[in-house]
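Residue numbering begins at 1 within each chain, and the chains themselves are lettered A, B, C and D in the order written.
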Amino acid sequence: MVRFCLRRLLTLIPVTLGVTFLLFSLLYMTPGDPALLVLGPEATEDALREFRREHGLDQPFLVRYGRFVYNAVVHQDVGRSYITHRTVASEIADAFPVTLTLSIGAIFFATLMGMIFGIICAVKQYSIFDNVAMVFAMLGIATPVFYLGILLILLFSVHLHWLPSSGFDTPAQRILPWIALSSVSLSIITRMTRSSMLEVIRSDYIRTARAKGQKETVIIVKHALRNALIPIITIIGIQFGHLLGGSILAESVFSIPGVGRLAVDAIKSRDYPVVQGAVIYLALAYVLINLLVDILYTWIDPRLRTRYR
Amino acid sequence: MIFPRKNSNLYLTLLRLKRNRLAVFGLAVLVMLLLTAIFAPRIAPYHYATQNLADAFEAPSGKHYLGTDDFGRDIFSRIIYGARVSTQVGLFAVSLAMISGGLLGASAAYYGGRIDGIIMRCMDIFMSIPQILLAIAIAASLGPGLLNLTIAVGVAALPDFARVVRGSVLTISGQEYIEAARCMGASDAWIILRHILPNCSAPIIVQSTLRVGQAILATAALSFLGLGVQPPYPEWGGMLAASRGYVRDYAYMTIAPGLAIMITIMALNFLGDGLRDAMDPKLKR
Amino acid sequence: MDQQQRENFLEIRDLYVQYHTDTGLVKAVDGLNLSLAGGETLGLVGETGAGKTTTALAVMQLIASPPGRIAGGSIFLQGENLLKKSKEEQRHIRGGKIAMIFQDPMTSLNPVLPVQEQIAEMIRLHRKADADEVLKKARDMLSLVGIRPERGSEYPHQFSGGMKQRVVIAIALACNPTLLIADEPTTALDVTIQAQVLELMRELRQHFNTSTILISHDLGVVAELCDSVAIMYAGRIVEKADTKNLFRRPLHPYTQGLFRSVPDLTGNVRRLDTIAGLPPDPTNLPPGCCFASRCNIAEPDCSRSRPSMIEGETGHFAACFKLGKRGGV
Amino acid sequence: MKTLLVIAVFAMLFGLSGVTPALAKGDTLTVGISLGIKSLDPHTTTQAFVHTVLAHINETLVGIEGDSVVPLLAESWELLDDKRSYRFTLKQGVKFHNGEVMTADDVVFSFKRASGQGAAIKAWSSYLSDVEKVDDRTVILRTARPLSDAFLGSLGHPWASILNKKAVISTGQDYGTAPVGTGKFRLRRLVTGDRVELERFDDYHADKAKVKNLTFRTFLEATSRTIELESGSVDVVVDVPPVDISRIKENPDLEIVAVPSWRNYHIGLNLKKAPYDNIKVRQAINLAVNRPGIVKVVFRGYAEPARGPVPSIVAYSDYKNSPDLPYDPEKAKKLLAEAGFPNGFKSGFIVPERSDFQNIATILQSNLRDVGIDLKINIVDYGNFADVARQPDHDPFVNNWGNPPTSNPFFAIDPLIHSKFIGQTNRFFYSNPKVDALLEKGVAVTDKAEKTAIYKEVWDILNVDLPMIPLLAPSNIFGKTKSLKGVTFSSSLITYYGNGYFE
């Protein structure tokens, strides 16, 4: 198991290199001169040249990339923001926990409610609850996150005055962003739980458990859920990845200073070091989530355990 | 779309699909959407860019079925023209992703070994960047515009197709009839075209249908973040984003594009689910 | 157990089970009557779809609802009607008094739980015991079915098919049930393994002296293990007798057809007869004898009403009009 | 165990960042702004909202009150005889937030840093040619050429903040997260991108602030700012969207403050590119633009249609009472025909990716279509706009010029049209030696009447030459609670809230 994890962690190296290379290429092709953006249109040609030299922007592509990798590996330094002059690490350190809290909260909410709804739907298949929940699940998938966010603000902030419309500092401020961000995942997890549970509930070992005279609730939780969990966990992992990226939308609607907004702002203002840093962190988080999902698999499904020993 | 070659297979699929009321509903909505997109200039009572500043912010009426926006443009007409943008972005982006991702995935699965490793590691890298962020980065590097938007959305969706196709090709190429064809001396291209692709078309079609919806949503999200279609060309997401400031006073301005997006996505999902159930009853969710 | 109870250990009367499906109402069990004496082993034989498993599930109160429903009849176990019991009481009877061995050992065990836990669960439900005792009993059951108790902490995927079926048997017998229903316990197994499992079942039956219903379509297995045999066709019992009589002289045309379709082991080379036609559509059962359309001795009258069981010989019943008319076929 | 886990998750989700202690109403003034603040270094950005926050932390040598320059960290100053040296006498006993006393060294250090390597405000600081410490309380600032009131006035902008030398050196590049100034407030907490919490500085050298805390909170969505103002969680908001104005007006506790701004929205034409090299085409466009229409639709009336090349609030513009520029599509068509385009022409149109520009462009497109000019809108994301607009063959664009440190024409018009800015901010490639000469002369002159006359000549030339088609100047629209008093809302983008109090 430890060796498996180590091996997986080693794959972080090529992934990180690949991600940075991909981004470097994309940013390299992106029109717009960072020097001009930072120094303003009034800047003289000399000042622009000086800025480009200082930040190595006058160097060929590969030299820039090589230098970036060298600094990152040897000095653990991914640079400073062109605009704020703060280290990228400190900007990320400010923004990343916010995004993480936002997306963990959303996935937690989506998982909890999605699994509860999904189980009830499966157990009471074709009931009114099932039908209503499935309609809402479909709506959840079809509603753009930012639109839902706006509607939630309209309802809970403007009309009911229950919750604040923006920010992410206090518990009350966190509720709406969590709901808005989790809606798609909640819907998908509900549907997945339902279908996975339906499949498992019909399986022979559930009948075996019933034949033992086991209680229905115990059968659902102990026997059915654990078996249905594998595809659900897969979906949760995928959804968590989506949420990390999709948090950009919630961050914009609710003015949350997260890493997604940091990245988008940085792309718009051509603050290359910050774009690099933000995306690397998101990619690392994504890879780690996948690792976590794989570990969860082995914990849930003994059949997979032998494979990773 | 690639349909299974065997007529009986297709017939059975359609028969099963016909029994699924939601899927039929989805299909009907999509056909209507497509017709709307094609005949937009004939259906729309006004041109999408015609401004009439004196008529700005008019509530829905007989003259303007869905009211007018802040420039006095007819929202109904803009929604109808918007169907063009959404179908274009959705279809082209998904085609791009399907063809290039499909080819990559199929070659990875078919040739295996090092080629598989290289292709799939590249896909892993693509996938580890959140899709929306990748689309934003691509859109920024290409500049705003409908075509660039389509490319950005398509490329961001590419790895998913590569994965799906690789998975199903792997399953199929392990089966006996492929071995048999190989034993008979069939060429790689023949095997891929004649045997493998038709047999893995089911997951690809399902994935594509569901993906068109996601592409439309991604476009809307990019419009919201300011990387969308050029005004005054109407795109539902862009209309939604532009009208968000008016949501408290002129809610109807957001309701029309919002509903348009939601209905389209739901129709695509109904059809996608229906197709999945119809093509492979074993997968019935 | 007094005589009365011994005779009417299990008594199924006019049992109707129906499933609602997309294509219509499937009458899987359609007016079944069956009784079982204490300590007896009954073989329930019939084609796929005849309603054998449904009957077993009905006795277990495990008909999935929806789509299934017990539409009528009664099931008496030791004089008590199981269908009148509350859910809670039914739950205690399941596993405690009636246990079932399922057809496919590959899928009957929960893949994510260690096998001893799956046995222990049964014990915990029906016996009062602390955790250690339960575990010890579970391991004892394992060694009883011929599995080293140390393997109890392993998972089902680490066992072979035959071993899994042993585990399933261990679960079924863990609480010493009075009635055991074995639904084709060996069908999914290799022939050599089949023999081992059958041998095991024979031993255990003697050991526990449990009344048993053995569902099978394999006449050989039935001949070997059972005291009596009931033949099922289209949701009903068409013939019932003790094993020796039935094999010696089957009365119902269906049974006769069944025997003709089995290879003769004496070595006489002859072509195997098959029964012409298909069983009736369970959504649309004919009003008369369900076998009439395939029966080579059927008369127009056979299709008018249902034949009832007639005692052709002592203790040998069959549902055929011809039997009544001529005292034998 | 499982319950514990759930509790732990909840604790983490709800308590990851420190929850701000509830601040008593009346003690705290909260301002809703529209930009996330990430760093508070006056020399690394030209962003008006960063400077707005900084104006409360730092102070400058001189202050601006209305049209006049008043003492702040400098007690007095004089323009020396060379007309380009300003001698400042510093106020004594001014303390920084870290307890240090302000000296001439801090002043010299601050200006050197402002004009040194890496500074992003060189457009403003580069006019300074030399800083000299005379003694501990006297400093001389020199410009390369006489700039009269233009330079002195710009010293009131936060770019010219006096920083504590020791603090800057000790924090180095991270100074932006730990600013130390002499202002009425000092930084308590910077939640990057979300809020800046300031607290009253009790050792302030003059009248202390009346409120204990001053917080700037970021709301990206204009709707959210209004909602938060209505709910009372902020006391002032900037950039009220026009659609919300009536709502705020109707609220008995709230009011709208609209101040004319000097942000100059214009169409920029490329004089090197046909057909815009033809003066008649430019004049035709000028006549074809429906300015009141844009004001009405995009700004809901909260803007002033242009009456001349710069907004009338700009110093020396002197055409406040002139009539509106004419809107005459028929005459425009005639001019186009005379210019050789009886059927109009097609052209690209560059629009920076921002909703106000896009909305204006949508109307312009429709206006110009009426006279036969077919504009194809080409949205350029803001990060790319400056680059695109520098290219010699660029299409016409819509933009605004709105963030000069003072309303002096030297900052408000020179960068746009003086030929020495070609390739930088003169995106029209407009080169008129006469205008150049007038501008050079105008900035050096100190006499007000003479100055006004010189600039009048500039305006007249520009009204004919039309390198840019002026459109309008919007108002700065603030929403505030009525109980907030003492704040003078500014025409520039920087408003000082330090004197605010609640009644």
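The working rule: a residue touches a chain if its C-beta (ideal position, glycine included) is under 8 Å from a C-beta of that chain, and two chains touch if they have at least 3 such contacts.
Note that the coordinates shown come from a computational prediction; the quantities given were computed from them, not determined experimentally.
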### Task
Give the fewest steps needed to get from chain C to chain D, where each step moves from one chain to a chain it touches.
2
### Message
Please report the minimal path length, in steps, between chain B and chain D on the chain touch graph.
### Response
1
### Chain ID, smallest distance between chain and overall C-alpha centroids
A
### Task
Find the chain most remote from chain B, comparing centres computed as mean CA coordinates.
C
### Pair joined by more contacting C-beta pairs (A-B or A-C)
A-B
### Task
With chain centres taken as the means of their Cα atoms, state the distance from chain A to chain C in Å.
53
### Task
Mind checking the centre-to-centre distance between chain A and chain B? Centres are C-alpha means, answer in whole Å.
22
### Summary
Separation of the C-alpha centres, chain A versus chain D, in whole Å, is 37
## Note on the structure
Contacts with two or more other chains occur in chain B at residues 140, 143, 226, 244, 247-248
### Summary
Note: chain D residues in touch with at least two other chains are 221, 223, 381, 383-384
### Query
Which chains touch, pair by pair?
A-B, A-C, A-D, B-D
### Query
In the complex of these two chains, what residues of chain B are touching chain A?
121-122, 124-133, 136-138, 140-143, 213, 217, 220-221, 224-226, 237, 240-241, 244, 247-248, 251, 254, 258, 261-266, 269-270, 285
#### Entry: Residue ranges of chain D touching chain A (in the complex, touch as defined)
9, 12-14, 16-17, 19-20, 36, 38-39, 41, 44-46, 117-118, 120, 122-123, 126, 173-177, 191-195, 217-221, 223-224, 227-228, 231, 233, 381-384, 386-390, 415, 421, 423-425, 427
### Query
Which positions of chain A touch chain C when the two form their complex?
126, 202-205, 207-215, 222-223, 226-227, 300-303
### Query
Where on chain A is chain D touching in the complex?
31-33, 36-45, 47, 50-51, 54, 80-81, 83-87, 90-91, 94-95, 97-98, 101, 104-105, 108, 150, 153, 157-158, 161, 164-171, 174, 252-257, 261-262, 265, 267-270
### Query
Which of the residues in chain D come into contact with chain B in the complex?
221-223, 241, 243-244, 247, 293, 296-297, 353-355, 358-359, 361-363, 365-366, 377-381, 383-384
